Amino acid sequence: MSDEQTNLLTRQQIAARAAQDMEDGWLVNLGIGMPTMIPTFIPRERDVMFHSENGLIGMGPPPAEGEADQDLISAGKELVTMVPGGAYVHHTDSFAIARGGRLDCAVLGAFQVAANGDLCNWRLPNQTSGSVGGAMDIAAGSKRVFAMMTHTARDGAAKIVAERSYPLTAGGVVTRIFTDMAVISVTPDGLVLDEVAPGLTADEVQAVTDAPLIMNSVGTIPIAA
Amino acid sequence: MSDEQTNLLTRQQIAARAAQDMEDGWLVNLGIGMPTMIPTFIPRERDVMFHSENGLIGMGPPPAEGEADQDLISAGKELVTMVPGGAYVHHTDSFAIARGGRLDCAVLGAFQVAANGDLCNWRLPNQTSGSVGGAMDIAAGSKRVFAMMTHTARDGAAKIVAERSYPLTAGGVVTRIFTDMAVISVTPDGLVLDEVAPGLTADEVQAVTDAPLIMNSVGTIPIAA
Amino acid sequence: MKNKKAETLEDAVSRIHDGATLLIGGFGQPGVPEVLIDGVCDLKRRDLTIVTNNAGTGHSGIARLFEEGCVAKLVCTFPWAKESFVFKELYDAGKIELEIVPQGTLAERMRTAGAGLGGFLTPTGVGTDLAIGKETMTVEGKDYVLEKPLHGDFALIKAYKVDPRGNLIYRKTGRNFNPIMAMAAGHTIVEVQEDVEIDDLDPEVIVTPGVFVDTYYVTGWYEIGKERNAS
Amino acid sequence: MKNKKAETLEDAVSRIHDGATLLIGGFGQPGVPEVLIDGVCDLKRRDLTIVTNNAGTGHSGIARLFEEGCVAKLVCTFPWAKESFVFKELYDAGKIELEIVPQGTLAERMRTAGAGLGGFLTPTGVGTDLAIGKETMTVEGKDYVLEKPLHGDFALIKAYKVDPRGNLIYRKTGRNFNPIMAMAAGHTIVEVQEDVEIDDLDPEVIVTPGVFVDTYYVTGWYEIGKERNAS
């Protein structure tokens, strides 16, 4: 296992890979944590707008030194900026966008993803309560939901499973999974292993995945030098 | 009957009487027709704002010669103005105001008003269809609904009735009725005849009203000289 | 950046297909996208369902759509105005279907569609003919009618200014249904008086964010409600 | 014209009573009416129900309300942030009730209350623990949860500018829940950075019409999220 450890993608590398899937013209919502690293990896020529559910369309990078505005934050409560052509809206308009199918993609962290696309990311089974935030609305409404996470839990347990055992966030919504080991698509036929991290084999990924992976033509995740 | 005819209030006089009931600080919606004559009769010292359901809060009088704006009309499609401190809103926000109980009063025309406050004003029984406009929403949502109409139909039939026979606009909503013969309050005990037009008797009003009128202390509608 | 600007009227409207449902903005004459409507007339589309507040005025705008036989069904709040004589003639001849919806409910049904919701409970219409066939529910002792979302294939709206993202502001009571219809359609087409540069619209005052706008066509100012010759 | 301006903080908040439901604006720190919250703390009210997105930060603002024992129940979306340790301690000690609501549903429930509606059908939460005990319905083949309106006795919100009518504009992401809460309460109290003369706000850019505002209190600018001494 020690060899495999070194072949795991870093958080930046997962974000860079997910960024490649962001298409020109998309409006995208990024969940708290790893997903917020995606914007820096999007090629300059691609026009991707970011939606932050606290009422910001056209979220930009963190402010330059001395230019922070205390009234301009992301859903993750970080100081941010607005890009030209953005707009401020109130919370119900913001969630009308999210629920109404106007987000081309939401990239969310996950505790567990099931083979049918069930997303679990708001509460652990041993907790009596969780912080749901906007995750349920955004997951239920986006055209695509990308799960972005480590492939396994800290204790080595699989996070990609045949059937979920964790509390549900939204049923059947995940369309693609980006982990430190692989890129996996959720299809009507089941989970398709699209790419594995350099140095890993498809079988090694299958070994830590609790759902069968369809392996037709498995590529390698490209890593920037 | 010819003597009575001369004792009927004019449209202006009905509007003037209804205007007396408009309280300081109220937000009021005025239906098409007679109700739109109310604003000119409101005493200057009273602050009454008018809501027009096409997205105008703070509707003012018709524009002065040469100052009309083609984009500024009332719900009755007349050119109007906006008073200082007004606001434009879109249709769902406008009806959130109406349905949400933010209108202190709506003054609407009526074909028929029942003793329980049922309002009928959108379709005649012999018509297969009618023009509902915003009347159902406004009648259902206003804190008070005033009906303003001639006391009887052109054929002499009573418009104030024990039970409605016309298609309903909103059930149990009318709180007061202003006609060319009387001012009548709708109360849990029934219809109370508050005032009659000068020269008319309470019995004359009762004679053309198809619901019993409670007559405790009937006043006379004051008419400006 | 995706180019949302249509250089010709035909480009702006040509994707509209026979049988489509069109949400058309405006209340009275302000906010009616008269130029886009003329564009649809010129396309000679058939069997359209039109969702709009009024049933047309004179022979222009929506009345022209009726007169040229483009419309199979009208969903509106106020069909029987004197100036809607073209519609009345078609209706009386049994050539057009009509659905009457209370105005607040019409707006809310479109917002519900745009907001990804499945319905709402309104006190409007309880006990009336317009609630016949609809489910009613009691919440906290008050009766409500369950109303369903109203989607459009296309929204045809009118705005005052647009930037290249499609962000919109409106003018006075020309706002009316337009921002709501923009949310509720699969493809939203805007006729707009003026286009401005990116960043020329203050992000605090935008009424319709560009995410709801697919195509816009710049018309300049024109006098509303006038009969124009068909192009 | 009705005078909506409160000259003192106490005047602004003193009508709030024990047991009241307060809708409190803000997401993160922008838009939180910190001064009004301090005013409520000073009143030493008890058994309040607080509806707000977060569960407080540090010891100030909403956290101070918790810490001083004013709150019986919290309705929010995101209680378990690190900085909400005051709330966590009370919750773990069984001293406060918690209702978790998805963020879009929370906003929509308040709008529903403000718009005079009886409920709405949302796809959010279908099949989850948060839908337990709620009615579900299928519309056009899709499942929805029926959510009910959420009214407040009072809304405590923060705005950027106000005119004497109570018309409001906000600043950047300080807007968030504030305009929605203004609609949903029996009495809306605004803390506002600046008051301006009548007609100084363009009627096209007003976000909250004054009809939704009962009382405002002018605070001037202050640095948000700082611990301040109790007054």
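Order as written gives the chain letters A, B, C and D; numbering starts at 1 within each chain.
Operating definition for what follows: contacts are C-beta pairs under 8 Å (C-beta built on N, C-alpha and C of every residue); 3 or more make two chains touch, one makes a residue touch a chain.
Keep in mind the model is a prediction, meaning the values are calculated, not measured.
Across A-D and A-C, the chain pair carrying more C-beta contacts is A-D. Rounded to whole angstrom, the centroid-to-centroid distance between subunit A and subunit D, based on C-alpha atoms, equals 30 Å. Separating the centre of subunit C from that of subunit D, both taken as means of CA atoms, is a distance of 34 Å. The geometric centre of subunit B is 36 Å away from that of subunit D, both derived from CA atoms. With touch defined as above, residues shared between interfaces to two or more other chains in subunit B number as follows: 82, 88-89, 92, 95, 98-99, 140-141. Touching two or more other chains at once are residues 108, 111, 115-117, 122-123, 170-172, 204 of subunit C. With chains as nodes and touching pairs as edges, the resulting graph is of another kind, matching none of line, ring, star or complete. The chain pairs satisfying the stated touch condition come to A-C, A-D, B-C, B-D, C-D. Against subunit B, the residues of subunit D that register as touching in their complex are 1-2, 111, 113-117, 163-165, 167, 183, 198-199, 203-204, 206, 209-212. The touching residues of subunit D, counted against subunit C in their complex, run 108, 112, 115-123, 137, 139-140, 142, 144, 148-149, 169-172, 202, 204-205. Per the touch definition, subunit A reaches subunit D in the complex via residues 52-56, 69-73, 75, 77, 82, 88-92, 94-95, 98-99, 123, 129-138, 140-141, 167-171. The residues of subunit C lying in touch with subunit B in their complex are 27-31, 77-81, 98, 100-105, 107-108, 111, 122-130, 170-180, 207, 223-225. The part of subunit B that touches subunit D in the complex is made up of residues 24-25, 27, 47, 49, 51, 57-58, 82, 84-89, 92-93, 95-102, 140-141.
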